[in-house]
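What follows are several structures.
In the two complexes that follow, chain A is the common piece, with chain B as its partner first and chain C second.
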Partner chain A sequence: MTRLFVNGMASISPQPENIFNTGLPETFNENILPALDQDYKSIIKPMTLRRMSQGVKMALFCSKRALLEAESDKPDAILVGTGQGCMQDTEKFMENMLVSEEGLLSPTSFIQSTHNTVAGQIALDLNCNGPNMTFTQNSVSFESALLDAMLQITDEDFNNILVGGVDETSKEITGFQKLDGQIKEEKINNLHLFRSKTTGTIISEAAAFFILGKHKTPKSYAEMLDVEIFNAIDISDLNSSVLSFLNRNGLTVSEIDAVILGKNGDLRFDLYYDKIQKGLFSDICQIGFKHLVGENNAVSSYAFWLASKILKEQTVPEIFKLNTINCTKPGFILIYNQYLGRNHGLTLLRSI
Partner chain B sequence: MKGVAVTGMGIISSIGRNLDDTLFSLQNAKDGISKPEILITRHKNTPVGEIKMTNSDLSEILNLPPDNNYTRAALLAVFAINELLRKSNFIHFPEDTALISGTSIGGMDKTEEHYFDFQEKKEVRKYIQAQHPGFTTENVAAYFGLGGKVTTLSTACSSSANAIMMGARLIASGKLKRVIVGGSDCLTRFTLNGFHSLKILSQTKNRPFDDDRDGLNLGEAAGYLLLEADDCLNGKKIMGRICGYGNANDAYHQTASSENGEGAYRVIMAALKKADLSPSDISYVNAHGTGTNNNDLSESVALTRIFGDNVPPFSSTKGFTGHTLGAAGAIEAIFSLLSLQNDEIYPNLNFQNHMLETGLKPVQVLRKQKVDTVLSNSFGFGGNCTSLIFRKND
Partner chain C sequence: MSDLHTELKRSIIEQLNLEDMEVNEIENDEQLFGDGLGLDSIDALELIVLLEKDYGIKLTDPNQGKQIFNSINTMADYIEKNRTR
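Moving on to the complex of A and B:
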């Protein structure tokens, strides 16, 4: 089995990357959280930047920074997870088409509406002819890309794969999520997310991209050991699913140093997290992140960024902690995430 | 490589609602191109490959409650997988069966139908998430009680070819015993108008590889294969093996293919290498051949770059079904397997004159000949190119 090391990474979210060191969060009082603006033109040509939607911009920016950090010009493959894809262009073309009653339409937003626009644009920019995949399976979109990275690094004998998760918001379509109970009705401060006793969550836009390489470098953050996805898990079967995942990696619960949970303040579905917080992982350092960066279909890529950072820096910043248990020497970290009780992902990383 | 065994197939498209009807149409040059009747659109005279069943017809056949939230792509997928299941030895799929589905637009049909109603009508809000392709796959997974590995690939017109490739990798790596792979896409106003705005829709029946080709017809379909690991075959009939695959990016333009067919050239070479075959080992090429100026030229150039003066018999079956977008790779994988099983090559319909640039002529009438290996191409927006190679199981 080929090993996979996190050799470069970058993230854009509603929080600055240095929150890890400063512990100072951005706070929001709206339930749709924008990503912090970046100096995009520092590494993306202004001409091309103008045509890019938020998702493409965030993804390309993160990709280039991750490559720079890994000192690589071009990856062997590009694997992207995006649950909702290019919603801004979809919305634009959809509205023009509906309002004009199928009149004369400009193809630009149609071209950019396909789910693989992000991965395609990255390939164009990097002039990368390697495999180019886009996974779009709700909250396991990024995990699906990780799974494919594990397969391809061995099967194709690649050195470096660019893997990332990205989701953008758009005015109308994200707005619809208020109507079907995905977004909380009452406005809340993001830092109070876990105290809320209501349904729904806070939605955000974010991206995180990684260079996964088969060789360890002086800059490596962590090693990714395994990933698994489950379309549906009965809450009564959650423990056994987690245990068998650990077991196939030769681990027991007590060997896990910290668990990163995708808790999002939705009364209906946080039950899954509550169960393992109070049960299996009650004596283990528990970490949350959605009170800072919100929820979206690709946000487990932020959890992967956080795990990699913790494993490299060997510290768990207070602001992410869900309990008071210390983690002095992080070795193994498990990430568990799901959305609306479906599409559960488990990812395992370890320090190097 | 020895290849991953295909032990089941199921299909629905405008040329048939099961494998037998599909084969009959392919053998008898019966295309499924017609004017839209189920899809409500202003482009009433634009030919499409439409399945003449409404969503309620499909829901009823599938025993779904009238208030179900299935997208049309999900209904078609369930319909096709039902055939696969019916012809397998299983009553239900075993619990560890995975599902990897490809789709270009997922449930956009529901988004366009209800976009302006979500605000006012509570009863249609069950379709709010339908726009995201994973929703359609979840519908399918729920229908068959598949709770394990379930994911969706969305790489435009190569989506289901990529789903097949990933499934084959999962089996070959030993990570899985059994996986349903394929894809589903339905006709929508969104795509019809999108391709219309790109000015690549033909107003007649599409003519792949013809010098006078003037665009594609959109179609809808679902096709799925069952892939199983060798150690759980138990003497089951094997329809063929996936012995080569590759994906590459043209990295040339967001929608257009490069003039030298670089992406296509790379994937075909990659698939041959994976299969440990040389170009002369390929018996038949099921081409992507959409009927657009750009694709067919680019693909022809790639074929001549690889095969030189010895391009094997090839045809595009888009003249039968239209371009079924994310489902194309899967239904053409099934056509390729039918070709292997029956030792015959299905014709490239509506071809008259070869294109001047390459002089290539596709197979134009049903041809009986020994078929040991088939190369199937699928190319998509974003420069996404995939090739699969199927071979007989012997």
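Moving on to the complex of A and C:
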């Protein structure tokens, strides 16, 4: 079987990347969290940058930094997971339609409103003619891209694949998620998210991109072993599904050193996480991240970034911990994420 | 510089998101595409929409575009002669 190593990575989120070392989080008292601004002009040409929405900017910036770290000029394939795509441009052209009474519309925002704009813009910038795929599968969009990476890397001509997850917020459309209770009614301090006893969560924008290569390098962070997606799963079947996933990788629960959970403070759906926190993984180091970076359809890519970082640095920062169990020498990390009780993803990584 | 030249430069900066650019940084005879300002084909579409929306000019022959959108001067000349609003 072809192996997959994380050879370069970068993330943008509501938290700085160095939170891993400083443990000092940004705090927010609102329920829609913006990503921290970056010096985009430092690596993206201003004439290219001017038309980019937040999602495209974040994705391209992370892609270029990940490539730089992996010392690669161009990937053999580009695989992007995005649940909601380029919402800012969608919103812009829909507003234009209203204002112009369906008259003359500016073409740029329409052209750039599709989900695959992100992967397309990355390819244009990198001059990459390899496979270019966009996966839009709600909260398993990034996991779907990972699955494809496992398939693509079996091509004997491929060595490095760029895989990432990105979702942006937009002024009006993100606000719609309040209407069906996806966003909490009351304003909440993000650091208190897991104490919340109400429905909904905090929504954010974020991106994390990775160079997955078939060869280990001195800079490699971790090895990705496996990924599985369940579009629907009954809570009573969760344990057996996790066990069977571990089993097919030759592992038992006791061999997992830490589990990263997509717990998001939504009273209705954190039950899934509660079940394995109190059951299967009660004696294992439990890690959360959505109290820091919020929720979005591609935020499991941040969990993948976090797992890779933990496995390389061999430490779990306190700010991410959900329990007091120590993890002194992380070897295997399991990521479990779902959203609204649907689209569950399991991802397994190990140290190298 | 006529009001139309200045107005055109302002519209172009705004419509094409040339955020870091000021009106006085665009020369009247500077090429808008290629080696000059460096605009591209998506910008050309935006300029076609701008002509129709702001000046009521509908370009029927795409080949005209190359000449009309050569510079601010050529755009202003064409607008003066053909505007309906």
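Here is the rule we use: the second predicted complex is superposed on the first by the 345 of 352 C-alpha atoms of A that agree within 3 Å, B and C clash if a C-alpha of one lies under 4 Å from a C-alpha of the other, contacts with A are read in each partner's own complex, and residues count from 1 in each chain.
Operating definition for what follows: contacts are C-beta pairs under 8 Å (C-beta built on N, C-alpha and C of every residue); 3 or more make two chains touch, one makes a residue touch a chain.
Quick caveat, the model's predicted, so the values are computed rather than measured.
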| item | value |
| --- | --- |
| Greater residue coverage of chain A in the superposed arrangement, chain B or chain C | B |
| Touched partner set for A:Ile173, first chain B, second chain C, both or neither | first |
| Partner chain(s) touched by A:Pro317 [first = chain B, second = chain C, both, neither] | neither |
| First, second, both or neither for A:Met47, with chain B first and chain C second | second |
| Partner chain(s) touched by A:Pro16 [first = chain B, second = chain C, both, neither] | neither |
| First, second, both or neither for A:Glu101, with chain B first and chain C second | first |
| Contacts of A:Arg342 with chain B and chain C, given as first, second, both or neither | first |
| First, second, both or neither for A:Ile111, with chain B first and chain C second | both |
| Set of chain A residues, in rising order, touched by both chain B and chain C | 104-107, 111 |
| Residue ranges of chain B in contact with chain A within the complex | 41-43, 99, 104, 106, 108, 111-112, 115-116, 118-119, 125-126, 128-129, 131-135, 137-138, 141-142, 146-156, 162, 166, 169-170, 172-173, 175, 189-190, 193-194, 196-198, 246-255, 262-263, 266, 380-384 |
| Chain C-facing residues of chain A, complex | 46-47, 50-51, 100, 103-108, 111 |
| Touching residues on chain C, where the partner in the complex is chain A | 15-20, 38, 42, 45-46, 49, 52-53 |
| Chain B contact footprint on chain A (complex, rising order) | 78, 83-85, 90, 93-95, 97-98, 101-102, 104-107, 110-117, 119-121, 123-124, 126-138, 140-141, 144, 147-148, 151-152, 154-155, 172-173, 176-177, 179-180, 182, 228-233, 297, 342-343 |
